[in-house]
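Chain IDs A, B, C and D follow the sequence of writing; residue 1 opens each chain.
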Amino acid sequence: MKKVLALTPEDALTMMKAAELKAKEIGVDMDIAITDSNGSLLMFHRMEYGKIASIDIAINKAFTAAAQRKSTRAYGEISQPGGPTYGIESSNQGRFTIFAGGVPLFVEGQIVGAIGCSSGTPDQDEAVAQAGLEAIKASLS
Amino acid sequence: MKKVLALTPEDALTMMKAAELKAKEIGVDMDIAITDSNGSLLMFHRMEYGKIASIDIAINKAFTAAAQRKSTRAYGEISQPGGPTYGIESSNQGRFTIFAGGVPLFVEGQIVGAIGCSSGTPDQDEAVAQAGLEAIKASLS
Amino acid sequence: MKKVLALTPEDALTMMKAAELKAKEIGVDMDIAITDSNGSLLMFHRMEYGKIASIDIAINKAFTAAAQRKSTRAYGEISQPGGPTYGIESSNQGRFTIFAGGVPLFVEGQIVGAIGCSSGTPDQDEAVAQAGLEAIKASLS
Amino acid sequence: MKKVLALTPEDALTMMKAAELKAKEIGVDMDIAITDSNGSLLMFHRMEYGKIASIDIAINKAFTAAAQRKSTRAYGEISQPGGPTYGIESSNQGRFTIFAGGVPLFVEGQIVGAIGCSSGTPDQDEAVAQAGLEAIKASLS
């Protein structure tokens, strides 16, 4: 047996609050999903005007970022036509997401979770996810 | 952040080898699956005469035992017509399994993984899974 | 490496022709599916008045019989409420079928394929599948 | 009836061990899947730091290579926009994989199985799969 790092409920809440704050700041209510290191959902909030279709997208962005340990933006870049992972979005029962808005959280070099956001432009979604990521990192340092 | 227990590759191998040994002892080649605490596959072996339909069943028994933290037999008992979880087998995209052969592994009171077996009768499947479980518990004590 | 028995196109045709003959004899056009030992489709025929919904059912009956090496009727018996494999029909992405009409073909003790029929009553379906099974067995002896 | 070649448990282990060795050599823990000639799973191992999303991808790369009898890289080349099989990755319930890392095993001109790897770059994944392929070929010559 070995020991691995895992998010606490307080960690997830820290990420969620910071992400919501950022969403309000840019004026776009979002769907925000936080997963553990396996991409299993830990916390989810559809803000007041967050989109219905974004429920699935936010959850899948967080799943992808955790389960592949890379931002969904980075996967989009290598999954374009002609790219090395073109076609990967059909894997994992269609959950694999290849556009910006999902970012993985590493602590001490190990994957511990991810946050995925959706409802705005991919750039806005990623900015909100990033705010959640920075908040948890700040709380740990 | 917190620290949680997780299976090592050696732990998974210990479970697999003991399960295969038991399967040979009772004379039924099996499909054997070992997952982590989230029910994500770690190791799988279809023994020489293990069944094709049992690939899915073994993997899903282990998924169910880990992800629901209960033996699949125990879920079968409460999922009969009129029972409190009747119909639960259609959940989790059909992966939820409610007949014997999947058992969870707890260490220090925490779920750390599961083993699921299929190809024999459910009683045989569970005996093989149980052998894997006992081997890892013995190796830890 | 090892060598295993497999159906030839002629074998599949022998099964299909005998099954169709039986279907005509009892006056019920059927959907008839023949698979290899893994349950992968080898040959399919929807007779003139075979049912549309039976396309899926016949294919899945043959899949189940091959991949689980047991008649679908036998699985129905042990999958009733309270039975040892109750709930198994949700496995294998819903392809696992537990009512009569699918039978496995064993040669020299090894699974080599299966035949599944649908459109009549389960008893009629099984009689047609059985006719296909007996024809191939007769051709091999 | 005819006789066809099939992998033994020892063959699968030979492939798995060689692939793991190569993965360690290049310093990327992988998810490694080995299937029979139909693409049905025989053996799977998620190495210690293999990715969660790669469970599905490795299994599906092996499925695709066996069931389509071509490397997944070769399918990627003809499945680009404008290519002859553009869109094929949505077939087979999303299991069809079109980027490098899955290779088929032919013996005496017949398909007998495949190996699929995932967690690194597609080039790394393919190098690990290729190591498994070469080991089994060497053991047979």
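In the analysis below, contacts are C-beta pairs under 8 Å (C-beta built on N, C-alpha and C of every residue); 3 or more make two chains touch, one makes a residue touch a chain.
Just so you know, these numbers come straight off a predicted model, no measurement behind them.
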Q: Quick one: how many steps at least from subunit A to subunit C, stepping chain to touching chain?
A: 2
Q) Considering B-C alongside A-B, which chain pair is linked by more C-beta pairs in contact? A) B-C
Q.
Using mean CA coordinates as chain centres, what's the gap between subunit B and subunit D in Å?
A. 25
Q | Interchain centroid distance [CA atoms averaged], subunit B/subunit C, Å | A | 29
Q: Express in whole angstrom the distance between the two chain centres, defined as the mean CA positions of subunit A and subunit B.
A: 30
Q) Mind pulling the subunit C residues that touch 2 or more other chains? A) 38, 93
Q.
Strictly by the criterion at the top, what is the full list of touching chain pairs?
A. A-B, A-D, B-C, B-D, C-D
Q: Would you pull the subunit D residues touching subunit B in the complex into a rising list?
A: 8-9, 40-48, 52, 55
Q) Inside the complex, what are the residues of subunit D that reach subunit A? A) 51-54, 56-57, 60, 76, 79-81, 89-90, 94, 96-100, 121-123
Q | Interfacial residue positions of subunit D with respect to subunit C in the complex | A | 1-8, 11, 36, 38, 40, 93, 107, 112, 140
Q | Of subunit C, residues touching subunit B in the complex | A | 37-39, 63-64, 66-69, 81-82, 84-88, 90-94, 96
